[in-house]
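These notes open a run of structures that come right after.
In what follows, chain A forms one complex with chain B and a second complex with chain C.
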Partner chain A sequence: MEAGAGPTARERRARLGLLACAALAFAAALASLAIGPVTIPVEHVLTILWRAVGGSVAGPEIGLRESVVVLDIRLPRTLLGLMVGAATATAGAMMQGIFRNPLADPGLIGVSSGAALAAVLWIVLAAPLAAALPAAIGEFGLPASAFAGALMVTMVLHVVATRDGRTSVATLLFAGIAFGAMAGAGTGILVFMASDQQLRDLTFWTMGSLGGATWAKIAAAAPFVLVLLALAPLLARAFDALALGEAAAFHVGIDVERAKRLAIAGVAAGAGAAVAAAGVIGFVGLVVPHLLRLLIGPGHRLLLPASALAGGALLLGADLVARTIAAPAELPLGIVTAAIGAPFFLWLLLRRRAELFG
Partner chain B sequence: MANTIYNSLKLVFLLCVTILPHEYIRAAEVAPVEMVDSAGRHIAVKDTSRVVAIGGSITEILYALGLEDRIVAVDTTSVFPPQALKDKPDVGYMRALSAEGVLALGPSLVLAMEGSGPPTTINVLQQASVPFVSVPEGHDAAGVVAKIRFVAHAMGVDEKGDALARAVAEDFAALAAMRERIEQPRGALFVMSMGGGSPMVGGQGTGADAAFKLAGVTNVMSAITGYKPAVGEAVLAVEPYAIVKMGRGGSADDAILQLPAFAMTPAARDKRLIPIDGAYLLGFGPRTPQAARDLAAAIYPELDLPKLPERPWTKAQGAAP
Partner chain C sequence: MYEAKDIDYAVSGRLLLDGADLAVRPGRVTALIGPNGAGKSTLLKVLSGELRPRRGRVLVDGRDIAALGPARLAQRRAVLPQDVQVAFPFTVAEVAAIGLPSGERAPSRIAEALARVDLAGFRDRPYAALSGGEQQRVQIARALTQLAGCDGPGYLLLDEPTSSLDLSHQLMVVDLARQVARAGGGVAAVLHDLNLAAMIADEIVALKNGQVAARGAPAEVLTDAIVADLYAVTARIGTAPPSGPFLLPQAMTRLRGGLAKAAEGGGGPPSAVHEPTRQ
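Moving on to the complex of A and B:
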């Protein structure tokens, strides 16, 4: 920690970084609202939005279709994208803080593997039955099942890794790997049992998409994402102290076990809700905090909110590519985030190696 | 060693079968049928008493030909007639076959739809001593009729096959006459499933696209190839007159009309959601003209399209004449 070394310059740079992230998220949201397979002039989009919040403007005459596209399709999609991106990136930053490992992401505590297993279970076994259920259950069955799966697996891993009230981060990590393999086997069995149509459904689900965005889904996911986003700043000091090691953190008065418990619960809820709403979207949780740490430094007080903003921006940008590049078909979102994220991550790695060993 | 001898004997036999004059073979007790299958392989079929049928339309054709007693097993896509899967053992899904599973029932012939798999299993089956015939797929009138003739020929019942093929061709002709009456073709969207996110729709080159053509319906998603997820607002932009959904009705089907991407389409406004049985519409067997007519009748109700004549093979009882 170089808190005393050059506070003003460093602090100013970090604040600027945070502001830049906010501007980026805002710009991405506007772009996401304005661009899509249906061409709508930007001034129409702005007029539609302004009128939707109750403002009156003597603007152009706007067709019902344009306003439906903007308000019913693009706006929920944009909000869901912001939520999912923010939750995933914040959860990634928190995991990296807890594990003191830059490679950590929410997947480590079983969120993705648990959600994927439960989602595939739903698609293959339950969905055929759900055709007879009321429509609301049909729509929410998959996300609810994925969310429950994420929570359950995280809970099991936490119990496995906790002894005498102390959670061993190393055990959690290895148990997570073991459970990931088990979930993979379970998913494999279900893939084997699935029909063509189910295979297609589950393959595309595991590659993520914001296509299912509805106001109902946003309302269902929002509380969990907000819990995560509200929890993150409260734990910032604990994460900073943990960077020095668990013992050191304990000696500066951090309740390390409590911080771990809260972080794991928050990540499971927030990232679980994100996965449930949009499927598995890789690399956002890993790359965004990583990149921001280089830009604005390792202090979590700014890193966590910056991660949320940049995560939302990145996801919206990726979604913009996903829904325009092959329109009217939609490229799975996970493909885009991985295609952008992976080379970037590699570049980052090589650069850091030069810094560390060069 | 024994295997080598056996294989050379097999080769000699096959050579005899192909070289010997036709009359001579006729005189033999079993008259082998020689054919080239869709994989381009020359195959001599000599015993058709125990057949494994892989592919729903092959099973349908065999039942329509009255040859159900010769079927020893079917695959999971053989959902029509319903008694097929009830009465016969199931060798699994046509794209996930196991060589041993198919051969375990001691068939004398395997009739498999083109596109059965996985390729490694098909490779093993092609090299097994039991004739493995890959049946050419066809997604139009000529293709379906050819498929019927092909299966009948492989089974050595060309005459019965001819009768069935003629009847189905007649139905296709009647369907074509109905298409003539459509003045303004309407566009429909085929939704395979809602998946988790975006709707999975049928684009160009899919069975759904071919079925739409037979029904005189325009596929609004012809810009896509294959079954792919579609961007919500793109669905809105193409203004489908109707939405055709795989399934048998039920409330889960109605739910898709309430999704924002669908809610504003003409299809949703006028509640034109047409659930249709996947095997019926996309099976491309002897019932295809009826399926296409049903689809056309649902999309062009004002034309009052007449029902096609009821055929023995379109009834669920499925017994042949």
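Moving on to the complex of A and C:
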């Protein structure tokens, strides 16, 4: 007889899975700091990090060069990668929770497209103006523009899809697809208008890259990503309940409209920040939560933090491939995630077709 | 007492509820009956707070539910909706646990609720792999889990709780509803099966065209005349003491033209005549 008390096998596995995701993120961060044109032993990396935060350790003598590479070049990139991956995957898991559909994604409701269009607008039209502005303003023009784009799409979507205080998920989804298409057309026109130099910027940016990681970018994205990550666990029970539909979620005590508003705002902030910092990186928000549901189950209490950790790990892994496979040249990150993510996702769809659509 | 008073509810100009009342009393089971489109489910949804009425008020123990908010309302009543589609591959126990208040984990309460719906060994099965009737019983277990966590005995609202169930589990629902009432809870159930309604209910409320057409004890509402008026069928109601009135489906015939014809005839609900318990 089952006692009914104590964790089930699934709960134990889910907790182990969460720990594994944390270990994976840590390992990916170490690899990202150690691997590159100059390979730095992991123990050196750890020593450098420890000393950088003020710890003293009797360890190997470390050259200034290694220290500069780790702290000034690779650390910003690694942190930005973790943030972007965590934000993208968490935003994906949250969108799927609201839409009650494992195929939903910030890319799907046009948030990423809106952010991308605004950023491309900046590159093509405003950057010549920005050259005349002080350097600091020019630097922040691109991320600020992408933030604004993501936020604007989200707010307009909310107005379009909300009537009498209720958000229709179907309307939101279709309006999002329309916005995505419009933003894509706008981006296409701008690419057509762009000069050769701008085009190079655009390619790298619209396909995603962590190449431009700086502390300034991290500082700009951090508040948004932190808000998203702090918000996510508060909404975990709401997402579980929403899996039964909005009526049943209300019956068990969820303020459905409030939960949806919070989730939409959080997703816009997180996805906008990620797009602003690293460009459009597809499939992470779609594949990571999906894969984790297979491993640890669909309960959002563990799924959301696991998505953040695994998303960060996956993005760093993809970035590692992007910057080493054709070294010294660098592939756009979005190409790597799409090349790995798209066939994987297709395979997943075929395997689980009945479950998803049946 | 959990009551909806003088409710109007309209969707795109069509009046679905037209001054309907419903009172669910602690310790009693109320069955809602009536033809398709009479407004039974709509009235239950208004009662649950899911739909906001155009006119009228819903009070639970004297407090307006609009002022309570979803979380505190959920501590006073549990609801079994008509059709629940579960997104994502949850297990049976995980679905039942969604009835728990936030942050709470009570494996024993879930196990008890699953046992009460004959699903004791189903805890770790994927919900999607169950039959329709088993899924409906999981949803009943979820509502029972929520009810067990309510402040006091609480209220249980059931919208067609037996629609996918076999004969034995239909009787299980009757027993569960009676148990909840015996423990001091109030139960409201939308039912199509009049025999089941007669077995389960202390009071039957019959709706037609968004209005209460009749209310009272089963023997008072389930009469030849009222059933004929509600459903446009001729039926002979039998009585088998001590279990109350019953209808034999074999002994019924549809009136020619059905409900549409009967409505045309302008008979109107004989509400004044058949409301013995109205105060």
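Note that the second predicted complex is superposed on the first by the 341 of 358 C-alpha atoms of A that agree within 3 Å, B and C clash if a C-alpha of one lies under 4 Å from a C-alpha of the other, contacts with A are read in each partner's own complex, and residues count from 1 in each chain.
In the analysis below, a contact is a pair of C-beta atoms (placed from the backbone, for glycine too) under 8 Å apart; a residue touches a chain by one contact, two chains touch by 3 or more.
Model, not experiment: these values are computed from the prediction.
In the superposition on chain A, A:37 contacts chain B only, with no contact to chain C.
Contacts of A:288 after superposition: neither chain B nor chain C is touched. In the superposed model, A:250 makes contact with chain C only, not with chain B.
Partner contacting the larger number of chain A residues, of chain B and chain C: B.
With both structures placed on the common chain, the touch criterion links A:102 to chain C but leaves chain B unconnected.
Of the two partner chains placed around the shared chain by superposition, neither chain B nor chain C is touched by A:280. Of the two partner chains placed by the overlay, neither chain B nor chain C lies in contact with A:116. In the superposed model, A:10 makes contact with chain C only, not with chain B. Of the two partner chains placed by the overlay, neither chain B nor chain C lies in contact with A:262.
Comparing the two complexes, no residue of chain A contacts chain B in one case and chain C in the other. Chain contact summary for the complex, chain B toward chain A: residues 93, 95-96, 192-193, 195-200, 203, 221, 223-224, 227-238, 246-248, 250-255, 258-261, 263-264. Of all residues in chain A, only 36-38, 64-65, 68-69, 72-74, 76-77, 119, 123, 130-136, 138-139, 142-143, 192, 195-197, 200-201, 204-205, 208-212, 214, 278-279, 323-324, 326-330, 332 touch chain B in the complex they form.
Chain A contributes residues 2, 4-6, 8-10, 100-102, 237, 240-245, 247-248, 250-256, 293, 297-299, 355 to its touches with chain C in the complex. Contact residues on chain C toward chain A in their complex (touch as defined above): 45, 48-50, 69-75, 78-79, 81, 84-91, 93-95, 98-99, 101-103, 107-108, 110-112, 120-121, 123-124, 128, 146.
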